[in-house]
Every structure is written in structure tokens, then in C-alpha cells.
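For reference, the structure discussed in these notes is given below.
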Amino acid sequence: MEQAIYGNEKQIKRKIFIRLAIVYALIIFFAIFIIIPFYWMLITAMKTLTQVESAPPILWLNPAEWQWVNFSGALEQAPFLRFTLNTVVVAIIATIGTVITTILSAFAFARLNFKGRDLLFMAFIATMMIPGEIFVITNYITVSRIGWVSLDQSYFEAILAMTVPFMTSIFFIFFLRQAFKTIPNELYYAAKVDGKTDWQYLWRVMVPIAIPTITTITILNAMNTWNAYIWPQLVTMQEDYRLVSNGLRNAFDDTAGRIMYHEQMAASIIVTVPLIIAFLLLKKYIMRGVSRSGIKG
Amino acid sequence: MEIKLKNLTKVFQSKKEEETVAVDNLDIVIPSGQLTGLLGPSGCGKSTTLYMISGLLRPTQGEIYFGDENVTPVPPEERGIGLVFQNYALYPHMTVRQNIMFPLENVKMDKQESLEKAQEIADLVGIGHLMNRKPKQLSGGQQQRVAIARALVKSPRVLLLDEPLSNLDARLRLQTREEIKRIQRDTGITTIFVTHDQEEAMSISDEIVVLREGVTQQVGRPQEVYNNPGNLFVAKFLGTPPINIFDGEVKDGRLMIGDADIAKKDIDDREVTIGIRPEGFKMVERSKFKAEVDLVETIGRDTTLIIKHPNDETQTFRAIVDADYGVEPGDTVKFNVKPHKMHIFDKETGEVL
Amino acid sequence: MLEDQSNVKAWFYLLPALILLGIFIFFPIFNAFFLVFVDEYNYMQGTYEGFTLINNFRYVVTDHNFRVAMTNTMLLTFVSVPVSVIIALLISVWLNAIKRLQGFFQTIFFLPYVTNAIAIGMAFAFMFHVRFGLINWFLGIFGISPINWVNTGASWGTAIFALLVYVTWLGLAFKIMVFLSGLQGIDKQYYDAARVDSASRSRVFRRITVPLLSPMIMYITVTSFIGAFKAYTEVIGMFGERLGPPGNDRAVITVVALVYRSLDRSGVPGALSEAAAASLILFGVTLVFTMVNMQVSKKRVHY
Amino acid sequence: MKKLFAMFLSLVSIFVLSACLGGTGGAEVVVDIPDEFPEEEIEIILWHAFGQDNQDLLQEMFDDFEDMYPNVTIRQLGQGGYDDLRSSTVQGTVSGNTPTLVLGYPDHFVEYLQGNALVPLDEYIDHPNHGVDIDMYVPGFLEENQQYVDGNQYSMPFAKSTEMVVYNKTVFDYYGVEFSMDEFITWDDLIALEEEYGLIGDGDYQAPHLFNVDSESNFFINTSSQFGAPYTNAEGEILIDNQDTRDMLDFIKTQIDNDILAIPIEWEENYGSIPFKAGDVLMSQGSTAGTRHNVPDNEGGRFGVFEMGIMPVVQYDEDNPSAIQQGPNIAMMADTTDNERLAAWYLIKHITNPENTAFFAMNTGYVPVRVDAFEDPDYQEFLQIAHTPDEDLTTQEQARKPFSMAANVAYAQVDYYSFEPPFVGRVTSSNARAEVGFMMEAIYAGTRSVEDALQYALRELGQ
């Protein structure tokens, strides 16, 4: 009897082990699938131009052979320091604006009762379905008419032109509304009983509770700025006002238009790494933010 | 189906490598076809025990037998148990019918047959008319019954209930506990339930197991345990209002509280703890055991006297007497103690003497 | 929802967003509506030759690229969205089932989220390279001779397949993120209950996990559909401006690529109207599918 | 809600009424040239699509100009690629934010002319005080800038280049074949060479392909010109649906099938420099501006680091030679004051004067735009490098030798530069250009037959 039980125990343990092994195997398989393009980016950034162009391709490089010089080469191709500074400024301002307008309207949609709310919300959602490219031209004319884009544009005007049009986002309003909706009504009644106004309630109760979602919005928005290319190119009238992506795209054309893949990849890495670091540091917040906004319909 | 727990032990290991012994060497037999309550304060290991019986937790040591079969290594899905969770764990996206039929789907029962079976069980627990509702549309008591129906529908060998009444309001609780009793009796399934509420356990169990910090204190029929608590903990835990505790001593074969001689006791002289049930006092004309009444509560046929402790003005004890006695606060009353309502425990160990 | 809110107050909260949206989103949309109904619009002079109801739509629809673009867009949407939702769901369930290295793998799976679609697209094109690509190397292990996926002379079929793989890859991260956080929010007792009830793993997944995650699945599906209809950057990333394998240019063109092409020649009379027309057609299609989606969700999604 | 909606509507209508998106252009450009160079403070803004290296060269010329005219400041701004530049300029025209000067191709300029956004330069060229001797400009470059429909000249040549053929001198030396920098060979010559020596193959002194062309579009257009096959005209008609074009395509197809002709998609590249350096092709036809990329440096290649030669573009008909010319021209935007225009005109003259155009050419691989620049002593010296044996050259001169060879070849082709007319419509000249390139690719890759590819292109071009 004792023996039999022991055997059974062993069988179960093996069953659990095999199941877990399969799960890990599947995860690892997909993880490799995910990681390969990144690896390729990294290894390309470490090659010499000749190695980049060699056939068959070099799949592995001894770290001793890594061409760190590509990174300094990339940095020389454009005033990246200046561009990074601009990007940070634009990201911060645009994000602050976005967060404020998003909080206010998400609150209105999630908590206030007003005529036409659902209709307006549907209209908001519908605009997400129109390709944003079609907005660019009109918006360019608009910011020019406002006076932010002119040949004697100041830095301040350039920043306004790059930020104001992006200080609101329907996607984020949608996102935050979901998070706000999960906050129980009772809290609102309690605040009312305590004599709090809607305004106080929003900033003292709802916003603190929704901080994970707001953090998520902040990061996503900053990322958009990081990848923005067409708009900054169009509305800046001086090289000094531009953003990192402009540097990336402009800097690596040689005279005859050849692309310097290794330096371009190095530059891609340079601009992506801050994002990845920010992402890793704030991963927990993002996860929480996402779960808050998604789980309730 | 008789259930035997042999030296059952569960040790939880925290992340910091700290070990907590939740269940310690439990060795009990749960009789077949009866309703057994696992009783104890929170953290006593009763839920852990239940989950080990269900198979969801694996014991660190010891064995579990269903009848003669050692089920210790058997995974929960093969044990043939029904489990009702404390918060019912009803699938929110399924209707009552779908919830009840879910276990049958898993054993690939014929659709028509399982529909009939589900209806039958639902009728048994009295929710046959709610089959198309979603759990959210049901009251707590109804949800509770759905959970029971779901546990019963596959005719389990054992039915396990985890704090089945704790989420219900007082009135529903009374109603539901009768219902559980009835269902258990009608089905005759060996049923184990877990509760921290002694009244609940006493009222419906055929047998109770009192647990404390993972260790069995006493096993038996509720009234038996109530009448003959094995130790101070059991005495204190069972009964509302709770038993009154006095410091006392045995002197020359007499049991004394202060200088009042309560009863004759044939044990060696020593300090003891005396427990007297509130209903164990008998008002008499003459007795050395006397004290001043502080408050009087009359509820229906009974009167509860809250009486100042004879030796300690700051403490009170309760006595339940017939409402016929006209006692006012401030009166001094004299008692005798009914011998079978009085329990004497070792001052140190708390064991009954 | 709360009673008796004054309308004025609500609009006050909406005002900042409304002003910005009005100027930078709604106004351009109005403009698009204007553009789509004028003939031969000369952008630089602001002049046009009268109004027309259908001319601009006709230009777009009769362009034989439109049919190809529509097919590709639909295919991308209706394959990549369901496939990536399913894979993301599986990966999240697996990730949720492990303890060791969970954080590490999470990070890996989230990585595509913080990246540049164009840079990674180039890396992907390389993975599918006929001679140096990892895919063919891998197939070679099983004795399959190299397939020309995206290289010179590759067919539409292989090109769109490669593109689908990339688009699916790119869409996984956000979905995994949402699903994983959703899974972590599901009460463990449902799984205990299902276990006691002898439900098999696949049944638990189908009958419990999926329904309980359904609000998130729906949210992801709706937003992914909207996003996938607008696919363009991915094509540029993988195939560059020629929008197809060399020698098979524009094979994987999408509707937004058409919009882009017209916008790119905004100085040419009528081009902006074509862009507007293509955008509005896409909008119409997206709207219809979103409506269908939401209708389905009302029946299927448990909230 | 109603109120707000009304407010919103009125807001929208304000925007719509203020001419919707509308550009303000439209008025004819009036040219009024001041007699004297202005003395007021003037800022000249130049938009281009150059990278950092060329920007630095431009800056040197600008600094000189600013020294000469201290009241003028010059600001240059790279706008990314040429498509970005065009798009920025169109947008700028509509919003009134145009630069003073803009680089670009006639394709771009005709688009700007839709908004009357360019200043015709004829009166400046002919002006008694400020004029320029237009005959000193290379005719082939100049004519490209004189072919606008209204007969005006809207641009001046600036950074021009032409095509050339780089070849693997090591291999041809082995066979004892010599090419000249001054005289072209024909396709017949090339085919004969291959037949005689068997240049194509996998053996020693053989390559898988003989001849590469970097730009399929250029090749199609230029070969059409060599064949006398019509391509497009200034009215925007697409003329490729004819027998001559078909004959040409058949000829090209034959060369492709025989591995004589390749295009970069053969190697998944944008340019032939990489396969050329790797020894996968023995000759490669491309822009003179791309010279530096063809300098052999691939030790792992089929022939190692071989010797490179440069010769003129291969011709079909020796009586009708044609070599395409390309590279951006410079135009003056109309949204400027008379004084700004005059200053800008002076700047155009400055950067295209013999010294500067020679200076720019020697440092980039572009070609001087003026004939007299070729007489510039520095440039003459530079041209001589190509004819001097290596051992007589300094290291620095050796490094410049490829550029010198390219310059010699460009010079040899001066008499037969070709170009195609720009036009705007549902189909633009850029569309046509791109389309024939795609047609060549499809034929090369074999995804379409010659006739199918032609029909496909015609359909794409709205025919």
C-alpha cells in the first residue's frame, strides 16, 4: 500500500512537471520569436558597414569586436543632444496637457449626467476610425494661422505648435473613462455627504485612485512624442527645434542616399533605450493601469 | 462514506522561509452520512483542513481516507467531492442552469439527462424557478443555494462547505441552516462544513470537531461536547451567552469561589478555574454564593441577570433565570449551582478535572 | 449614474478637450467633407471647379490599386486581429500559470510595445530573407527548400503572409499586457471550483477564462480592428516605399497607403480630395465593422 | 447642448469661411527688380534635402557671401528627403511660410507653379545690372530649367550630376580590354566582349552578372531616349504605348535573360555599389554623386580590393548618344519682397559661380554647372588626377582620383545630357518616373511579361 501511494505520488509529480515543462517550452518559443528582431537590431548596430553588407550574414559577433564607435558615429550625424532635450520638453508639455484634458473629460463621461453624453461619446469614438493622416494638412494650416509656424518662429512657438494639437486624445479619454467607471459610486456619495464639490472629489478621490491608469497614459503619450516624425518636421522652421525621430530619419543619408544601417540601428537603440528603461521602471504601474481600465465594460 | 484523517499536517512556508503550522497532526474520523461541523476561531486551520480534504491543498504529512481508499495523492477532480466556497464562486457569466450543469458537462453527461438532473437538484434546494437568472440577479441566500446545487448535482461522495452562512444576513442564516440540514438529510451525503460560529455548528451538525491552532480539541455530538467540554477552550468557545469563568480553589474536598462553598469535589487541594453556564445558576434563599445585580435584561420567557463578581467589583457574570423572579438592579441575589452545568478545569493546563 | 447633474457643469469639464478636439480633429474632418465634394481642388490657390457628389469617390474606387488595397487591408485586419488575440490570450494564460521567471518573460513580451515600427520592420524583412533569413534556415532543418517570401519577384501571397506575421507580432505586446492584468484580476476560486468540478484545462479556458476576460477581449478586439484598418507604417517598415517585394511593387498596398500617396502630392489639383475620399471610405468600412463588433459584444460579452 | 452645438458649428464655419484650407496664391507674380543691391537687413532662407556634409560645404559658400554683403544673413534648413522637402514647400506656400530659395527638381517646381509660388528668373538673367552670362551654364543642365510650359525659366542648375559606369579594371585588364574616360562604348560592344571572353560565370575573372544599373527609372528613360522611343511630353501625355518602347523592352529583357543586365533588386539593394564591390557584377551604371560608394574596399569579395575604372554611359546607337542628367536645381519663391529676391538672386549667382560650383563639385562628386568652371585652375588640376598614374600622386590625390575620373566622364558627356519634361495632373512626371521603374523591376523579377508590365504601368498611369 505504502509503495503504491508512493508510486502514484511520483506519477502526479511527473505529470505536473511535464505540464510545466510544456508551458515553459511554449513561452520560450514565443519569447524567442519576440526577441529575434531586437537581437538583429542590436547585432547590426555592433557591426562594421562591411559586416552589415556581408553575405551570408553574420549572426553572432564576439563582444570584443563590437563597434561601439557606431554609437558615437550616430550621435555625430545630428545634434541628438539638442533633439533629445527638445523631445523631453515636448513630451512633458504635451503629456501634462493631455493628462489634464483627459482627466477632465473622462470624469465628465464617467460620472456626470448630461444631455447628449452618449451621442458625444460615440462621436468621439467614431473619430478614432478616420486615418489621422488626413488631419495633418488642415492642422498645419491652423497652427500657421494661429501664428505658431512662421519663418521667424521662436522656440516657444515651435514648442506650442508641436504640443497643443496633441494635448488631448480620444483614445486616452476612452481608456481613463473605463478606469473611472470602476470606482464605486459610494465614494462619490460619501464625498458629497462630506460636503466635497465635484471638483474636489475628482482631484482628491478619483485621480489618486486612478493613478496607475494615469501613469500608463503618461508613458504612452511620451512614447508617441518619441516616435513623432512628420508633424515636428513640418512645423519647425529651424533645425534646432526638432525632435529625435527627425534626427534619426534625416541624419543617415549619405550624399548618394545610401542608408547607413549600422549607425541607424545604433541611433534607434539610443532613442529606444530611454523608453525601455522608463517602461521597465514603471511596468507595475502600467500593468495596474491597464487592468483598471479594461476589466469593466 | 466515512472520512479518516490520519496525522494530517499542513505547514505553510512564507517567502521569508518562515514556517506556519496550520494543521498539526490531525487525527479524526468523520462519520458516514452525517453532517459534521469543523468549528474554531479564525486561523484555527479548519478551512485548511477542508481544502486538504477537497484535494485543493496537498497535506505536508499524513493521509486522508475516503472509506478504505487513500485519497491523499488523488487530485481534487478525481475525488468525487462537492465544494461550496465561502463566497460561492458562482460563474458570473453563466445562468443558474449553466452553473449547475457545469460539473455535469465535465463528465460528459447527456444533455437532456443533465438538464433534468439540474432541474431536480434546483428544485431540491428550492431555486427551481430561478434557472435563467444570472448570479448577479440573485440574493445572497439564493446564490448560496445555487452553489450547493452545483456541488450536489454530480452526486459527490462528500459535500464540503466553507463557511456556508457567513455571507448571509441574520434571518437568512436561520432559514438557510435549516435548509442545509434538510438537504443533507434528504441526500444522505457525508457533509463537512466549516464555521467559526458555534451556534451555527451546534444547531445543525450531527457531529462537531473543535479546532484550535491546528490541533483537535474535541470531537463529538454537539450537545455532548457542550455538556462535557474537554477543556477550558471548548467550554469557552461553545454556548451563548458564553460560559462564566471564575477563579476558584479546592480546599479539603470543597470547591470554593472566594469564601463561598459551591460544591463538594473529590480532588486534591489545588487552584482551579471554574466555568458555570449562565443557565447553571439556581436562585435560592440561602447561600454563601451571593452578589449584587448590576443589570437585568428580560427577553421573553428568560431573564438575564448581569451580576457583579463577588470578589471583583469590576467584573460581571451572567445568569439566566426564570422571568418570574422579580429582581431589580441593586438587589443582592444568592445562588446555588447546578452540578452538571459547572465544569472545573486545571488552572495551568485548562484540562477538565 | 448620478442624478441631477447640471449640464453646464459637464460641459465645463469637457471644454478644454472639446476646444482642442474641435480645432484639431473635428475641424479637419469637416474639411475632409468639404474636400470630398469639390472638383479639382487646387490646394495652393484655394480654388476649385464646382461641386461634385461622387467624382472624388469614383477616382479612388476606379483606381485599380483600390481593390488591391481594400483586399489587403481586410485580410490584414481579419487575420491578424483574431490570430494575435488568440496567441496573446494563450501566452497570457501560460505566463499566468508560471511563477519562476514570470517577470522576466513579461518584460520580453512587452518589448515590442516600446519600439519603432519601421526599424523593427526592417529587421523582420531580414528574418524572411530568402537566403539569409532565419525562417528559411529553420524550414531548412525540416528539409523544406527556401521560400522566396519578400525578396525580388516574391508573390503577393508570401509577401502578405510575411506582413501578417509582422503585424501580428507587433500587436501582441499590448494585448498580452491587457490580458495578463485581466487574468490577475480573476478570482482564483473560480479555478478551484472548476477543478473540483473536474473541468479539463481546455474547458476551463473556454468556459471560464475566456468569458471572464470577455470585456477585455472585446475592448482589445474593437480597438485592434480600428487600428488594423489603418495599417500602413508596418508595410513601410517591411517593404519600404515600394509597398511590395521588389518586382511586385504595391502588392501589399493598404487603404491608408492610398491616402498617403494622395496626400503626398498635395500640390496636385484634386489630390487632397482623393485623400479625403479614401479616408472617408475607410471610415465608413471601419464604422460598419465596429458596429457589428459592438452588436456581437452585447450578446457575447459578460460584464 | 443645442447652444453649444451652435457655438461649435459657428466656430467651424468661421474656419471654413476663411477659405477653408485655401492657399492664398493665385496672383501672377510681378517681377520688379531694384536697380541697386539693397542695403536693408535681409534674411535669405534656403530649404534643401542635404545631409550634414553638404550642409557644411554650403555654409562655407554662405559665409563668403555674408562677408561680401554684411546686411544679408543666410539660413539653411534640411527638410529630410526630397519628398519631405516638396511637401514642406507646398504646405509652406499655402500658409505663407515659404523660404526664399528652395532646391528641387522640375517635378517639384511645376507643382509649386500650381500656386504661382515661384519667381520667373528670365528678367534677372537678362538684367543689365544684375544679369548673368547664361551661356556659360552647361546647356544640358540649363535646358532642363527652361522647359516650363509658359516658356519662363523658374530655376537654375545647382547641384548637378550625371550617370557614369564604374567597372572592374582588374578583370578587364586581365583580358586586355581598355576603356576610355572620354568615349562611350555601345551595347553591341559590350555583348561582343562577353561573347569573346565569357565574362559571365562563376570561374576566375568572371562574375554572375556583367552590368548593373542603379536606377531602373533612369535607365528606362535614358534608353528610351537612346532608342528614340517616346516617353512623355510637357503636356503630361504618357507615350510609352508604342512599338519602339516595346522593342527596347524586349532588348532589355534579352540582356536580363542573358545575365548581361542586372538591377539592384537582384541583390536586395538600392544601389549597385555593394554587389560591384563584392565582385558580383563587373560594371555598374550610377550617379556620379555616388562615386565614393563604388570605391572597392571589400577584402572578402570575389576579386578582393580590385582596381576601379570609370567610363561614360553605355549607348545603344552611337549616332544618338544620351546620358541622363540629374541633381537638384534652385528656385526662388514668390512670397518675398523685391529686395529679398534680388539678394537671393545674387546668392544663386554666388553659389553657381565658377569657383564655387567647382569647389562644390570637387568635394561631392557633383558636376560643375558652368562651362567656365571646367577652366578653373583648381578644377583643371583636379581633372588631371585621373590621367596621372597612381605613383605620381600624393595620398590625398589618390583618394580623390575616383572623383576626378567621374568628373572627366561627366565632362565627356556634356554634349548629350538628356532630361524629361516635368508635368502635373492626375498623373505627374514623378508618377511616370516611378512607374517605369516599377515596370523594369517587374520585368526583371519575371513577375510580369514585357507586355503585361507595360499594360500594368499604362493602367497605373491612367491610360
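Letters are used for the chains, namely A, B, C and D, taken in the order the chains are written, and counting of residues starts over at 1 for each.
Quick note on the criterion: a contact is a pair of C-beta atoms (placed from the backbone, for glycine too) under 8 Å apart; a residue touches a chain by one contact, two chains touch by 3 or more.
Computed from a prediction, not measured in an experiment: that's the story for all the values here.
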Sorted by label, the chains bordering both chain C and chain D are A
Maximum distance between Cα centroids and chain B occurs for chain D
Ranking A-C and A-D by C-beta pairs in contact puts on top A-C
Rounded to the nearest Å, the gap separating the Cα centres of chain A and chain C is 16
Per the C-alpha centroid definition, the whole-Å distance linking chain A and chain D comes out as 39
Averaging C-alpha coordinates per chain, one finds the centres of chain A and chain B separated by a number of Å equal to 56
Here the gap between chain B and chain D, centre to centre from mean Cα coordinates and rounded to Å, is 93
Multi-chain touching residues of chain C, meaning two or more other chains, are 7, 11, 18, 26-27, 31, 43, 266, 272
Expected list for chain B, residues touching two or more other chains, is 75
For chain A, residue numbers touching 2 or more other chains are 55, 114-115, 137-138, 142
Interface with chain C, chain A side, in the complex: residues 20, 23-24, 26-27, 30-31, 33-38, 40-41, 44, 55-57, 100-102, 104-105, 107-108, 111-115, 117, 120, 124-139, 142, 164-165, 167-168, 170-171, 173, 178, 185, 188, 198, 223, 227, 245, 261, 264-265, 268, 271-272, 275-276, 279-280, 283, 286-288, 290-291, 294-297
Given the complex, residues on chain C that touch chain A span 1-5, 7, 9-11, 13-18, 20-21, 23-29, 31-32, 43, 87, 90-91, 94-95, 97-98, 105-116, 119-120, 122-124, 126-127, 131-132, 134, 169, 172-173, 177-178, 180-182, 184-185, 215-216, 218-220, 223, 226, 229-230, 232, 255-256, 259-260, 263, 266, 272, 275-276, 279-280, 282-283, 286-287, 290, 301, 303
As the complex stands, chain A meets chain D at residues 50, 53-55, 77-78, 114-116, 137-138, 140-142, 144-145, 149-151, 233-234, 237-239, 246, 249-251, 253-259
Per the touch rule, the chain B residues reaching chain C in their complex are 54-56, 75-78, 81-83, 85, 87, 89, 91-94, 102-103, 105-107, 150, 154
Touching chain D in the complex, chain C uses residues 7, 11, 18, 22, 26-27, 30-31, 34-35, 42-47, 59, 64-65, 129, 151-153, 155, 242, 245-250, 264-270, 272
